[in-house]
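Presented sequentially are two complexes of chain A, the first with chain B as partner and the second with chain C.
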Partner chain A sequence: MALNDEGQTNYVTLVSSDGFEFKILRSAACIAPTIKNMLNPATGWQEARENRCIFKDINGIVLEKICEYLYYNEKYENCKDIPDLDIPPELCLELVMAADYLQGMASRRRLAKELVLSAMQFDRLTRFLNTLDLTC
Partner chain B sequence: MIAGRGRSKIRPPRRGIHGGEEIDFEQTWKIIASAFNEIHTKNASKLSYEELYRHAYRIVLKKKGEDLYKRVRDFEHDWLTTQVRLRIQDLLSPNLLISSQAIGGTTTNERRFAGEKFMKGLKDAYMDHHVCMGMLADVLMYMDRVYCQDTHRLSIYNSAMILFRDDILNAFSQDGDSISVLELLNHVILEQIRMERDGDVIDKHMIKDCVYMLEGLYEGQMDTAESRLYVASFEGSFLETSRDFYRAESELLLRESDAGAYCRHTRRRIVEEQDRCRSTLAESTTPKIEKVVEDELIKNRIRELIEMESGVRFMIDNDRMEELSLVYELNARVDPKKTELMRAMQKRVVEMGTEVNNAAIAASQAPPPSEGADKGKGPALEKSLNQQTVAAIKWVEDVLQLKDKFDLIWKNAFNSDNALQTALTRSFADFINASSFPRSSEYISLFIDENMKKGIRGKTENEIDMVLEKAIVLLRYVQDKDLFERYYKKHLCRRLLMNKSISNDVEKQMISRMKIELGNNFTMKLEAMFKDMTISEELTSGYKGHVAQLGDADPKRIELAINVLTSMTWPLESMGGSGDEEGKTLKCIFPPAIDRIKRGFEKYYGEKHSGRQLTWLAAMGSADVRAVFPKVPGKEGTQKERRHELNVSTYGMVILLLFNEVSADVSLTFEDIQAQTNIPVSDLVRNLQSLAVAPKTRILVKEPMSKDVKPTDRFSFNAGFMGKFHRIKVGVVSNGNKVESDRERKETEKKNDDSRGFCIEAAVVRIMKQRKELSHQQLVAETLNQLAPQFKPEVTMIKKRIESLIEREYLERIEGAKVDSYRYLA
Partner chain C sequence: MSNRRARNNGANRGTGGIRGPHSALTDFLAANNISAAQIRDSYLQRVQQAEQQGGQEGDEAAPDNGEGSSNQVPTAEEQEAEENAVAEAVERSRKRKRNQEDAIAKVKKGKQDKKKAAAKKKRDSDDEDLDEDYDDALGNMYKKSKPLPGQLENCEICSKRFTVTPYSKTGPEGGLVCTPCGKELAKESKATEKANKPAVRKTRRKLESNRLDGIATHGAKSLQQLCIEKIVQHHQDVEEFGELPDSIINRLCEIFSKKRVLTPQTLKLFLRADLKTVAIHECAYLECEDYEHIFAFVPHIEKLALRNCCQFKDRCVEYMLEKAPRLKHIQLYAANLVTNDVWIKTFSVLGKQLETLKLEWLDAAFDDDAVAAMVGYCPNMSRLKFKRCRQLGIAAIDAIAHLTNLQHLSLQISQEVAGERIVNLIGNVGANLQTLSLERFLDAGDDVLDAIHDQCRSLSKLRFTENDYATDAAFAALFTGWANPPLCFIDVNSNRDIDNGNPEGPEEVIGLGDAGFVAMMEHSGSKLHTLDIASCRHISFATFSTVFDGKKKYPCLEELNVSFCTTVDTIVVAGIFKSCPKLKKLVAFSCFGIEDIIVPAGIVLIGVPKAQDAIEQFGEWGVDVNMALGKMVHVVA
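Showing the complex of A and B:
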């Protein structure tokens, strides 16, 4: 596997609780602080040595969406007029929890906004906010 | 609406959505604790971050953050006190402890090794702690973010650092010992620095690492820059010991080495300290330690340093540019005004300037070189090398040399510092205008005169420019510009009338330079003099044409070249011979041939400009006379008449023409000549001297033959005169520009004072006309101000002039005013 300047692989593997594996760019993955810590070469965690992160609390569907988000985030960094990320409403809750677990990603606000937008389509906004205890 | 709000925190759901499974805190903590143990023993590679993170995450989700936080802290405290502290205490070798109490007893090397070992152990412990806590903090990130933030706790990393400080650094180094590890560390670092200052090589990286540790730890709970342990605990004592060290060192150095070495050493120390801060300590200390070195080595010592025997005076005298530059640099560090250096420099300038002044006075007063030695050369030598004039020129050259010297120092060593330049200028002006030396104006003018007449011959334009520039430089310093103008006019007048200047262009250049420097007013009269000369040339050629038209082609006709001078612009009084009172009223009796021409020109001039009166100044003219000497048997047997063209003064011509009237063997007495020509006595004496005494131009024979001319002496034509050249110039004794005698000077000063009086009056009237009413103080101040570019009048003089103006009813005193005030009377 190709290595980058610091002697790390360019791709890392994210594994879901149900065994799906996602190989994504390291730079995209490290947007999430938790993943970044895991892969921090200075500490020498198991994940860092194997370039493989296993998430026991996240299932494949959610992890796929997270990967999509990570790429989406990297792609539109420093851009204007960013298109909305399509988030199926039934994933919203789990995504929010995963985001919390992963320390909210780089742009928690944007995720929240997208969640809200997609939630609105289904007229579940009020319930949703209650569930989330969103104190806005 | 919600989307537009600011950063909102998304919290985990309250109810156990997360899989819902209950977790056992103790169980989970056990897993975490054992993992931490692994981390501390550097076995982290088997651990999964995700797993640990998930455990900590869950605990916090279950609202057990508080417990987790406490457990982690207890765990760290335990680790530090049981494991780390022991390791540190093992490092405390007896050497280290001895040295901390009393220096001596052990060798430097032993102490250094002990110190390095101790520092290394401490540093390693800190680095381990730092790395481990970094990892722990990563794992406990969720706790930091959620629990610590909500409850306003320190992050786990920071609180672990505090633990390190309290459990390791602030712990006593040994049980029952009163010195803490931190104090010991400070002491060891200071010891090492002391060793380095004494020339030993120390492990800078090690110290830097320890400093890094001190910089990473804080004294209180707050993380401010001032409370870093480095600042709070180490820096102060570092500065204190440095101050003591340098104080002692400066004393030793001042006693034992010269100023140059001291400066070099000081600079080296400063650079060393800067380097030390960069490589061993912290950059933030640089300005502080610099200040300590500057205070101790420079500020408190600069006066002693500058006044040392090998101090600034010695450096200036010996052109020690490098050392002077060092002194400058050091002085500039502690004092932007460089007061001490400036003082020393000014003192030296004035000293050296006064020496030059005194040398000039001494040279001008010394008895002339013994008569016997140069009897042969006689008056010719006396004329060209008048001692005083030489002294004057030497003075100017000395001053210029001094100026060059200090300019060079200023440029090379003082970094072309503005303030110092001002000070230099002031000092030069001080000694040039010193009241004990009133001749500077005259000397400078003489210097220019000398150069105009001889000095610039054969020089390139650039060199001439430089000479002129030098003269201007000196002129800038002169305070009494009016006195200078007077002398310059006098000297210029002679140069122009006697055709002594080498180049008219250079004269004009000089004047235009003065114009730039001193303004239009100053050069107006000088320019008028040049204008007169040009007009005179036109007049001469005009008259020549006029005579030619008359058609009387007399072969013996005498040619006339005339200079018509405006009496206001030319300093005629100073030209009218040597100031004989009666000489001015007496009119020279010209021989008939000359008189005819004179009248002819008067007529011609009267036609051109009516109403102008011409006064003939025979004392200033010169004439070319063709003389025929009778045949004398020459050595080669040539038997022809000898013709010479004699260039003599007008008076000389008048005298010579007298002998045309009488036969060759008749002699005339001095009194005869005087009666027939009416030439003033002193001028007559000088002219006869040059005609009858000077060996090369002895056209007359004097009886008895002696050097002095007495009223009873008899003169006759020297038929046997022998001359080597066809053209012979008969110089008149004391014809050139030279230093004035004391009597002349008094006169010049008196005249100057008179004209100053007018200037003052004019200034006072100008001011009062504008202001109408003014207090005495203000009036004096303004007058001084207005006249500053010309001269510096004395206040008593101004007072007198005001009195006189009141008498003449230009002004009146305001009655009953609180302060003396005047009113202008229109």
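Showing the complex of A and C:
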């Protein structure tokens, strides 16, 4: 299997309670903080060694939707005017619990990225202001 | 005939004079004295005529007008008089056309039937070909002769006869449709258009809304948010939430309230026997019975928060006292139907266990006596908030001064309260206060700020607003050498002198000015999270640029409101962005000096019209900043 720079597989396997397996990109899977932790090699957990996460409380239908969401989130990262992901009403309650378990999905990673961006902008503004001081 | 047909469809037909058996249709047409040759001839003739007529008479209806018809009679007769030969042809063609149309209708019907029963039918292939061939010829002919306005035509959809007008719509297969069907079509197309359009408009609307809410949105929403929105959409179909965590239940409740779908039916979703908190943020649809349900379903309730609970009556309070023995925290907004006596009874029953009371928007009841009773019965009160309670006055303030366990105090009293009553209050309860909010105490002067400086040692949140009496010097004194640790929330909006005759203000600055602002940021800048200095218009440009010089850092500041501080301009805002690395929201209404600012990602700038485009931008920041630098230099120069 192809490995990335850190010697990890590009794809990981998510397994639902009823035995369905979803192979998805590691980058997408790690959007969910819980999955990211499970797959963190530093922990040495079984999940990290085998690149395989088993969710005993999430069934196949819900996990499929979660995978869909993870790709959706990755696709639209840094976009605006994004169409909402279509969620079947009957899945909502199960999905919201799963999302809670997976820790709100994504919002953290997004924040971190924004902060980095803005820090770089601050640098530029700093330089700009310094030039102003000189000229004034 | 076959020749002609061969010519017509030469490409796929090479039958010459040899013909297979006649189809039922051909037989039928022959029996009715209809032949394709004739039809074709008359068709060509009519086309020619129509062209001539069109050239000569413009709008005049074509002479081959199907059914002679009542509305077209004069025209037809005129033409007959003019051209006899043509008229004969017309006469013939009328009859033919009538028959022909019947035939077409039958053919079409036959075709449909045929399609349905296609599997069952076994036909001679040649025969079928012929049939289709004939059909095609008819169809082509039919298409070419698009009836002109004024003619009669069969509707493509409902097959009814109707008079063609210039407004007749074209059906899905190219034929004309009658007016009712045309309207239906228009409706459908509108509906599809609508289905496509609002997506754009909604996001635009949503974007504005999010901006004013201070939520800068980049990337996808969280899955939880998506689910919750969907649940609210389908609130009528939800039977119960099951084992959802409390945080999500609370979030759902908030959104139900916001969308105004919190009705007696949906209320039940939020009531569970194991809950300790019930917070309903919009109770306008709830009535007495619904409030009683809350206490019946949630017997262990400790915290109750109801906003806009207009129907919360004496009866509900008495039920509450009976069924909810562990109640500690009460927050009621607009509960105007609860009388004074019942308030007093509430305090006497709950007594020492009551820790929180937050009341707002009370006009009809809850007076000084009720407050006195509360102070008497509930010594453990730690959190108190009275806003817009019209009947409260000085006596209430003096009574509250006896609650020495208070940690959070928010007051907004409509009646006039002299400064020394406040000083007395702070002198008694100030030492333990973590939150102090004094809104619109017009007569509170320097002595109140002095009292806060002297008494308060554990404040983290301070609000002192809408005052035109306290001086800048007093603000400076408050924050200079204050033994209180740095505050994380300061709201001092609208502390300024109001005198239209003297817009610059008196010589001794009233309200938060230069000295006060500098001292405030010196004292609290390290921990400050939220700062509101709206309308403190005596803070000068020089002060702003020294406080936000880009070198001093305010590491926790996330929300800043500098509206109506007219000296704030582009340079100051750039400095603010630089000095506040965690800034999320900057409100700057009416700061006209701000121009062509580039808003860094993750920050929302509200109230600067020219910056609206900038608020939305993110990504590609390198280019934008370079462009912005050019612009900003230009502005400054």
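Convention: the second predicted complex is superposed on the first by the 106 of 136 C-alpha atoms of A that agree within 3 Å, B and C clash if a C-alpha of one lies under 4 Å from a C-alpha of the other, contacts with A are read in each partner's own complex, and residues count from 1 in each chain.
By our rule, a contact is a pair of C-beta atoms (placed from the backbone, for glycine too) under 8 Å apart; a residue touches a chain by one contact, two chains touch by 3 or more.
Predicted model, so just to flag it, every value in this text is computed and none were measured.
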Partner chain in contact with A:V96 - chain B first, chain C second, else both or neither: both
Which superposed partner A:N40 touches (first chain B, second chain C, both, neither): first
Touching partner for A:L85 - first (chain B), second (chain C), both, neither: second
Partner chain(s) touched by A:G60 [first = chain B, second = chain C, both, neither]: neither
Partner chain in contact with A:N73 - chain B first, chain C second, else both or neither: second
Partner chain(s) touched by A:R49 [first = chain B, second = chain C, both, neither]: first
Doubly contacted residues of chain A, that is, touched by chain B and again by chain C: 93, 96-97, 99-100, 104, 117, 129, 132
Complex contact set, residues of chain B against chain A: 2-3, 5, 7-14, 17-19, 44-51, 53-54, 57, 131, 134-135, 138-139, 141-142, 145
Chain A residues touching chain B - in the complex, by the definition given at the top: 33-34, 37-38, 40, 42-49, 53-57, 93, 96-97, 99-101, 103-104, 108-109, 112-113, 116-117, 129, 131-136
Chain C to chain A touching residues, read off their complex: 199-200, 203, 207, 217-224, 226-231, 233-234, 237-238, 241-245, 247-248, 550, 571, 574-575, 577-578, 581, 598, 600-603, 616, 618-619, 621, 625, 629, 632-633, 636
Residues of chain A defined as touching chain C within the complex: 66, 69, 72-73, 76-85, 87, 89, 92-93, 95-97, 99-100, 102, 104-107, 110-111, 114-115, 117-122, 124-126, 128-129, 132
